[in-house]
Amino acid sequence: MENPFAEEPKPTSAWLWQVFTGVGLVILLGLHFIANHFVAKGGLRDFKEVVAYLRNPVILFLEVLFLLCVTTHALLGVRAILLDFGLSEPAERRLDQILKAVGILTVGYGLAVAWIVIR
Amino acid sequence: MWAYALNRITGIGLVVYLYLHLVVLSLLLRGQAAWDVFVTVARSPYVLALDVFLLAGILIHGLNGLRIALTGFGIGVGAQKALFVVVMVVSAVTLWVAAIKIFRI
Amino acid sequence: MNILKVPLQIFRYKPGQAPRYDTFTVEIPAAAHVIDAIDAVWAIHDQSVAFRRGCHHSSCGSCAIRINGVEKLPCITRVADVWDGHDPLRVEPLRNFPIVSDLVVDVTGLFQRMSAADMSMICEAEAFLPFTVDTFAVADLDPKLVELPENFSRFSRFEKCIECGICVSACPTMAADEKFLGPAGLAAIHQARKKTDDPVRVEHLLGLANGEHGVWRCHSAFECTEACPQAVDPAGKIMALRRELIARRFTKMMGK
């Protein structure tokens, strides 16, 4: 009987990306938090302040980077938890497809909102 | 075991919060009136209390995540238990300071 | 001699019956180990209690169970150290293995994973044996060097690891993911990797560990290392494998 554990599986980078985005988030989330809740007067920005905030190109760049990092990290985390349930090969592939789609939609939505607000 | 369980629970909580937050941001698309109403609600003490919970989740998940990143690269494996204690203490202290600041707003 | 009257609450399961707990009270010397108490239950009360025991000194790994919910080897765990003196001492089979009967679990999965590393290890003492039989004066056999049989590696064992399965039982990822190589399997890969310089074999071993259900499925709970009675430190071995895999990926990226 073939030993399924003796066959070399496909290598994976998911954990590495989890770590990189995680470390990135410590910095980016820290900045996001400070900018929005400790710099902003009263801890929150009203509409006019949000518009002004996002119109700053450096801020916009950092917030988009933050969105990319957090979406990647969050969905990789969901993936890790679901993979823990030992899915079949086709189910694993389907999961990756679904999460990729959710990720793209999430980032797309964020970019769209930012775009509309800036305008 | 606690580190693993806490990281998983806070992780799930934070994913839920992420999508809630993104949905709330759509209020920006409804214009100034809608957003400013939200800001008023967000300043209420009940929401601020929830924010403290959120911050707890962020601190525990983030700092424990750094610990997992370190040990996962083979650094400090022998000290992993001690590192977890440090993570929890730093989280608690930071949370305490932040909670005071939040409720003074 | 001090005698203890210990109530032992044993998990019972026979195929076709619902699982239950039976409590038996046995008298054992105060210095006795938990395996002695289980022996006493079998000898005095109920010979249908199924359990594994072997060397009584943590060499064979056969007797691994959970005592009050914690994975331990009962042959080296004194009753006095785990019994509070009044509540029943709870004894259950390992987690994450199919239960065959009572305290006996099917450990096929453990050996399957460990044999993936196809590692043969010869204890230092054996390496010096001349492999002749003149010492043993066996009739019909001339004293001569006996050739090792082709399948000799089947009989070899891992240095520190006694293949008891405690780490597998303690691992939260093993609880859910049947495809996970697990702490024992990954520690075996690490051990095999340390024992070879052959680049092809190293590549293969690291390749086994590099998959989605290899080192990367571990969530750093460190329960395996906590529970291991032999200080194998499977978690440390998993992290060491990760470090090597990442280093190799890095050098490949740098084009070295």
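For clarity, chains are labelled A, B and C in written order, and residue numbers in each chain start from 1.
We take it that a contact is a pair of C-beta atoms (placed from the backbone, for glycine too) under 8 Å apart; a residue touches a chain by one contact, two chains touch by 3 or more.
Quantities reported herein were computed from a predicted structural model and do not represent experimental measurements.
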Item to check | Relative to subunit A, chain with the most remote C-alpha centre | outcome: C
Next on the checklist: Of the pairs B-C and A-B, which shows more C-beta pairs in contact?
Outcome noted: A-B
Item to check | Between subunit C and subunit B, distance of the C-alpha-averaged centres to the nearest whole Å | outcome: 39
Item to check | subunit A and subunit B, separation of their C-alpha mean positions in angstrom | outcome: 15
Checklist entry - For subunit C, what residues touch not just one other chain but two or more? => result 219, 246
Checklist outcome for this item: Residue ranges of subunit B touching at least 2 other chains are 8, 72-73
Next on the checklist: Going by the contact rule already set, what residues in subunit A reach two or more other chains?
Outcome noted: 15
Next on the checklist: Under the definition above, what is the set of subunit A residues touching subunit C in their complex?
Outcome noted: 3-6, 8-12, 14-16, 80, 83-86, 92
Checklist outcome for this item: Contacts from subunit C onto subunit A in the complex sit at residues 112-113, 115-116, 118, 173, 176-181, 185, 204, 207-208, 210-214, 216-217, 219, 246, 249
Checklist entry - Quick one: in the complex, what on subunit B touches subunit A? => result 8, 11-12, 14-15, 18-19, 22, 25-26, 28-29, 31-32, 35-36, 39, 42-43, 58, 62, 65-66, 69, 72-73, 101-102, 105
Item to check | Complex contacts: residues of subunit C adjacent to subunit B | outcome: 172, 219-223, 235-236, 239-240, 242-243, 246
Checklist entry - Where on subunit B is subunit C touching in the complex? => result 1, 3-4, 7-8, 68, 71-74, 77-78, 80-81
